[in-house]
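Only one structure is covered here, and it is reproduced in the block below.
To keep things simple, chains are lettered A, B, C and D as they appear, and every chain counts its residues starting from 1.
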Amino acid sequence: MRIDLQDVTVRFGPVTAVDNVSLGIKPGEIHALLGENGAGKSTLMNALFGLVMPASGTISLDGKARRWASPQDAIAHGLGMVHQHFMLQEEMTVLENIVLCAEPVGRFGFVDFTRARSRLDEIAKTHGVAIDLDRRVGRLSVGERQAVEILKVLYREAEVLILDEPTAVLTPQEKDRLFATLKSFREAGKAIVLITHKLDEVMEIADRVSVMRAGRLVASSPLAETSKDEIARGIVGGDLPAARTRKAHSPGGTVLAVDNLTVARRGRDVGPVSFDLRAGEIVGIAGVSGNGQAELIRALTGLVPVRSGSIILCGNEIQNLDVEARRQGGMSYIPEDRQRMGLALRASVSENANAGRDDAGAFTAGPFLKHGAMAQYARSLIERYRIRVAGPRASASTMSGGNKQKLVVGRELSRNTPLVIAENPTWGVDIGAIDFIHGELMRMRDAGHAILLVSTELDEVIALSDRILVMYDGAIAGEVDGGEASRDRVGALMTSRAADALGAASPGAAA
Amino acid sequence: ADKFFVYVSPDQIGVNAFLKLGQAGIEQAGEKYGADVETYESRTAADRLENVNAAVNEGADIVVLLGFEFNDIVKQVAPTAPDTQFLIVDQCIDDRPDNVHCAVFREYEASYLVGVAAGMLTESNKVGVVGALDIPFLHRYTDAYADGVKSVNADASVDIRWVGGENPFADPVRAKEQAVAMQAAGADQIFTATSGGDFGVFEAAKEKDFQVYSVDVNQCPNAPGHVVDVTLKRVDNAMVQAIGAILEGEKKLTMALGLKEGGVSTIALEEDELADSGCLIADHPEVVAKMREVAGQIEDGSLKLEDPMFAK
Amino acid sequence: MFELIADPSFAASIPRFVTPILLAALGGALCERAGVFNIALEGFLLVGAFAAVLGAYFSGTPYIGALTAMVAGMALGVVFAEFNVRRGGDSIVVSIAINLLAAGLTTFFLRAIFDVTGAFSDPAIAGFAPIRLPFIEDVPLLGPILSGQALPFYLALLSVPFLHVFLARHRLGLRIRAAGENPQALRAGGVSPKRVQLLALIACGALCGLGGAQLSIANVNLFVENMSAGRGWIAVVAVLLTRGRPWPLFFIALLFGAVDSLSFRVQGLGLAQQFTDMMPYLATLIVLVALSWWRARRAKGDAS
Amino acid sequence: MMAFDAGKATRSALPWLFTFLWIAAIILALLLFVGAPVGEALSGFWNGAFGGRRNAYLMATLSRSALIVGMALSVMLSFRAGLFNIGGEGQLVAGGLVAALVAVLLPGPPLLVLVVAILAAMLAGALWALLAGVLQLFMGVPLLVGSLLLNYPIRYIASYLVAHPYRDVQSGMVQSHLVPQETWFAYFPGTRLDIGILFTAVAAAFALIYSYWTVHGYHTRLNGLSPEFARTVGLPVRRLTLQTLALSGAIAGMVGAIAVFGIHHRYIDGMLVQPLYAWTGIIAVLLVGMVPWAVPISGFFFAAVQTGAAGMERAAGVPKEIALVVQAVIILFVASRVSGALTASRGDGDGHV
C-alpha cells in the first residue's frame, strides 16, 4: 500500500509542530525519518495514524484521500504504529495486550483466546517474533516490550508499519533481531517508516531517508543518493562539531568503593558486587537491561535499601544513609526515567532546577524562598546547557524530550560533586544533544570527577568509558578496558541472556 | 395577617411524628389567632442557630422551638430580641428572660403505662424496646417502659437496644434487624421509639408475628393486628394553648403536661378513640382497666415517677 | 457471645446486610477498574431503593421494581459519566454532587409522587418473597444463610464469579481494565476510554440499583429518606481495599456485613452503642493492617 | 500570583457564560415544576446569602465560611502535597472535642484557658492526622482509606465521652458542659458574627504564604506533583508527609476550636459532622483545582450557596429538596468547568515561579 501525505500541517495552539509537509511512503521500502528533538517527527506520524488531527493537508492511501476519525480507522486500513513511549498495559499479560482492541470474540462477546494463540503461533513462524504469551508485561524487559508492540501490529495484519524510535532502548542483539524482522516485512511488501536518531542504523537498513527540521521537511532522497555526513548536516542545519580528543586516563584517589554489595530483588538478589571508582575516570556499566543494573544504581543512590555489603563514598560509609545525606556526601544522579524521576513535569522549570540544591542559602531566606534567585539560577542553567524552553516559569512538561534531558543533566552536573552517576543519559536525545551531553561528561572527567555511566547503549559506553564493567544475571561478569578494541569482548560478556528478548521463533514459546 | 409565627424544628421533620405534630400545632395556632405561619426545618446544630436568628430577623412575633436542643440558642438570642416571644416545647431553662416560655411533657408517664401493658401481655416473660439512639431523651421511653413492665411482672426481663449507625432516626433496616434479633431471643412484646425505623419494626412484627408498641400518634393502622398500644403526645394542643396564653401577655409561661393535663396519653386511656383505633389493646379490657388504674395513681400523685432523662 | 453467633436469626440476617453492600461494591469495582473513582455509591443505592419502591408500587410486582431500580441507577451512571468522563469534572466533586442529587431527587419525588415526606409505606408495594432452597435449607449453619433469602441476594452471589470471568475474559472486561490502567494505550488502539468508562458507570448503576432494591423491597417494603444510611460508603471502602477485585471484594463485603450484623447484637451484652457502632470500622482497619503486614512478610520471604 | 491578561480572560469567559445559562435553565425548570415564584426564590436566595437586617444573613454566611474555608485550607495543604487526607472530619472532631473538654475541665484565668484549649485542639487534630500518616508509612494502609476510616472511631469516641463521662446531664442532650462564658469569642460590634473568622483569615494568610513562598511548601508541592522525583532529588519524603499531615490536622483542629468557642460554646454530639464541613471543604478545594489563592473564595462560595438555599426555602417556600438538587447541579456544572480551566492553567507554571 502506498501512502501520500500532501501539505500536512499540525498545530498545537500557537505551536506549528508540522509545517506543510508532503511525503510519500512506498510498499517494500524502509523509510527512515530523522530530525532533532521536537522537529515534528512523532507528530507527523501521529497525524498519519489518526491520533492528532491535521489542521490542513490530506492523507491518501493508494491514491485515495482518507480522513481518520480515530486510530481505529487507520488500523482498519492496515496501518500499525509502535509508539515512542510504549502503549502497553503493565498489569495485563502479553496475550491480553496483543488482542486488546482487536479481540477475536466468541459467544456473548467473550474473547476467544485459543484462536488468538494459534494466530500468534503462525506469526511467530513467518516473522520470527515470539515471546511467552502468559507473562505479565510489567515484568518484561524493554526489549521484550518492544517485541510485544511489534506483535500487536502484526496481529492486526498491518500493511504499513510506523516505528517511532524503536531502537532507542535496545541492546545490539535485540536491535539486530528487530532489523531482521523489519527486513522480512520489507520482503513481504510492507511499507515501513522508521524514526530514529542513530545514523548508523539508517545507513544499515534504510532505503529512503527524510529529514525534518522545525516542522518542515528539509530533505528526502534514496539512501544511495546521500551520505551520512549530508544527513547529519540536514538534521542539525549546519556542520557537526569536530570529534573530541580524549585526554589520557590518569585516575586519582578512590571516590567510590563498593564492597560485596547485595540488593533484594524479586526472584534472585542482585550481587554480590564489588568495584572501585576513582577520580578522573569514567567507568561504564554495560549489560542487557534487567541484569541488575537498575537495582545496583538504586542501591547506590539510596532509593532502595541494601541487603548487605558496604558503599564508601569519599571515605565515608553511606550504605545506611538516606538519599539526601548521600547527595550531600558528594553524589549526583542523572536518572534514566526523566519523565518521572528526573523531573516533576507539572512543576515549572525553575522549581525543577532548584530541587535538591545543596546551597540552600543562595535561594532561601530563613523558611522563605527567593523566587528571583531561583529564576536566576534556572536561567543560568538554560543558558549554559542551551535548553530550548520559554523561560524559568514555563512548565517542565512543555519541553521536548531532549531539552528535558538537558535540564536534568544540567541540574545534576552543576552540583559539581566528586561522584556522578549517569543512567542512560542520552536516551531518546537527538545527535546534537547527545554530543553535548557526552562533552559535558568528558569535561567533568577531565576536571577530576568520578563518573559511573550506566547505559544499555553499547556505543555510548565504549566511546566514553575508561573501564567497562559488564553485568550479567545480577553480578559483574567481567571488566574490560574502554575503547573500540574491546567491543567484541563486551558484547560476548553481555549476550548470553539476550536471547529471551527477541528470540528466534519457536512455536513452543508462543503457545 | 398582622401576626407572624415561626416554628423551628430541631431536626428534619420527615416521618418524625412528634415534629409533624409541631407543624400541625403551629398551623392550628395560626388559624386560631389569625397569624401567618412558617416552618424552618433544621438539619444540624448550626442550622438551628441560623434558623432562630433568621426567624427573629424575619420579624416573627412568636418563635416556637421544639426540643431541648434550643436551650443554649434561646439563652443567647432571646435577650437580644425583646420584641420576640420564644416558646420552647419539651424543655425549660432556668433564669429565663420574660420573653421565653416553655411547655414540657412527661412522656415517661405514658411509656410507663405501655410498659404495664407489655408486662401483662407477655407470654415469654421477655420484652424488648428499641430506641433510635442512646440519648438521654429517649430514656424517657425506654427506661420508663422497662419500669412499667417490672411494676406488674417482676420476673420479666427487658432487652433495651438501639438502632445507632449512620442514620439512627431513619434506618428501618437496622431497626427491623434489632427487633428480629430481640424476637429471636424470645421477646414477644417490643416497644419502638425509632422514628423512621418504626416502619421496620412493624415489618418485623408482621413477619415474625410479635406485638409492638409505638409512640406519638396512633400507628396501629400501620401494622394491623400487631400494634398493641401507642403513647400519645399532644404537642399541637399544647402549642395552641401556650400561644394563646402568651398572646394574652403572660410572662415566663411554664406549662408542664403529663397524663393529668392531657398532654400525654395512650390509646387505652382514650375512651372515644379506643374502639376504632385498630389497636390490639381494645381486645384486652383487663389490661385497659389496669392501665387506667395506674394512670389514675400517677395523676393523683400516689405513684411518683422519676424523669429518666436526668437519671444517669 | 457464643449464643449470639449460634443464633440462627443472626446467620439469616447476614445476607440482608451483605447484599446491598456487595452489589454496590461490585458496581464500584467496575468503575474502579475502569479508572473512574466513583465514591457516589451511596447516592446510587438511594436512587435504586426509591425507584424499586416506585416500580413495585405501580406494577405490583417486585421484578418490575428491581428493573426500575436498575434503569434508574443506569441513568444516574450516565449523569456521572457526563460530568466526570465527558466534561472532565473531578471525580470526588462529581461524586459528592451525585450524592446530594440523589438525596434531593428521591425526597423531592417522594413528595411529588406519593405526597408524603420522610417515608412511604403501603401494602401495595410488592416486595420480594424469600426463596426457599430445598435440601440446602436443612444444612446446619449454612442453611439459614443460603436459603430463604430474596432474589437480589442470589443475583449478588452469582455476580461475583461472573464479574471475575467477565473482567478476565470478556472483550469489554479487558477494555475496562485497560481504561483503568493505561487509557492512552487504549486510545492508541482505537478504542475510546471514555466510552468504556461510560459503559462501566452504566453497569455500576445497574448493580447499585439492584442493591437499592434489596434495601427497599427485600429487607423491608418501604422507602425512607436517606435509607441507604452509609452502606454506600462501606462499599466504597471495600472497593478501595480490594482495588476492585471481585473475589476479595466478596469476602470483605461478607466480613463487613457479618461484623455490622454482629455489632449491634453485641449491644445485648451491655456494650455502649458508640463502641458497637465503631466495630465495623475498627475491624476494617485491623484487616487492612493485617493484610499489608502479611503482604510485606510475603514480599520479604520472596526476595530472600 | 496568577497574572490576569485580558485576552485570556475574554477567551475563557464564553464557556462560563454557557455554564451559567445551563445552571440557570435547570434551576428555572425546577422552580417552575414546583410552581414556586421565580423572582421571590432568586431574591430569597440572594437575600439569604448576603442580605438581611443589618446584613444579618451575610454574617451567617461569613460565620459558616469561617469553618468551611478553614477545613478547605486544611485539605488544600494535604492535597497539594499529594496526600489524599480525607480524614479532615475526624481531625475536626478531635479538635472540637479537646477544645471543649480542656475549657470545661481546666481551671485558670480564662484567656490562658482559651489559649491552651486552642493549642490543645490543634495538637489533637495534628495527632489524629499523624495517626493516618503512621498507618500509611509504617503499616501500609493507604492514606485515603486510613484517614477516611479514622473519621469513625473519633466520632464515636467523642459521642461516648459527651454521652457518658463528660455529659451535661441537666441539659438532657448528648453534649458537654458549657465552656466558661469568659472564654467565648466576642462578637463583632453590632453583629452576631464571632471573631472566629479572624482565626480562619490568619490560617488563610499562613496557607497562602506557606504554599507560595516557603521552602517547606515548595518541597511538599514537588512531593505532591511527583513523589518519585522528590525521592530522587533527596527530599525527606517521609518527614515531609508527616509534617504536612500534622499541619493539615492542626488547622482542622483549630477549626473545631472555632466552632466551640465561637458558635456552640460546648461540644454537642454531631455538631461538626452533620453539617459536612469537612466534605464541603474538600469540594471547595477540588473545585478550584487546589490553586491556593482561589480556595478561600471557593469556600465562601459554598457557604453562600448553603445559606442562600435556606433563604430561598424561607422566602419562596421552595422545598428543601430542591435546594439540595440546586446545590448538586451548581457543583456539577461548576466543577467540570473550573477544575478543567484551572488545571489547564497549571500548564504554565501554576501562576507562580
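Simple rule for what comes next: contacts are C-beta pairs under 8 Å (C-beta built on N, C-alpha and C of every residue); 3 or more make two chains touch, one makes a residue touch a chain.
Note that the structure is predicted; figures quoted are calculated from it, not measured.
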From the centre of subunit A, which other chain's Cα mean sits the farthest off? B
Rounded Å distance, subunit B centre to subunit D centre (Cα mean): 36
Just the number, please: Cα centre separation of subunit A and subunit B in whole Å. 75
Could you work out how far the Cα centre of subunit A sits from that of subunit D, in whole Å? 45
Overlap residues in subunit D, where contacts from two or more other chains coincide: 163-164, 320
At least two other chains touched by the same residue of subunit B: list those residues. 134
Chain pairs that touch, as defined at the top of this document: A-C, A-D, B-C, B-D, C-D
Subunit C - residues contacting subunit A, complex: 169-172, 174-175, 177-178, 181-182, 184-192, 302-304
Tell me, which parts of subunit B touch subunit D in their complex? 38, 40-41, 43-47, 49-51, 53-54, 57-58, 68-69, 71-72, 80, 91, 134-137, 309-310, 312
Report the residues of subunit D in contact with subunit C in the complex, numbered from low to high. 34, 135, 139-142, 144-146, 148-150, 152-153, 156-157, 159-160, 163-164, 279, 282-283, 286-287, 289, 319-329, 331-333, 335-337, 339-340
Subunit C touches which residues of subunit B in the complex? 12-16, 133-134, 159, 161-167, 170-174, 176-178, 180-181, 183-185, 196, 199-200, 202-203, 222
Using the touch definition from the top, list the residues of subunit C that touch subunit B in their complex. 7-10, 13, 16-17, 117-119, 121, 215, 219-222, 224-227, 229-230, 233, 261, 264-265, 267-268, 272-274, 276-277
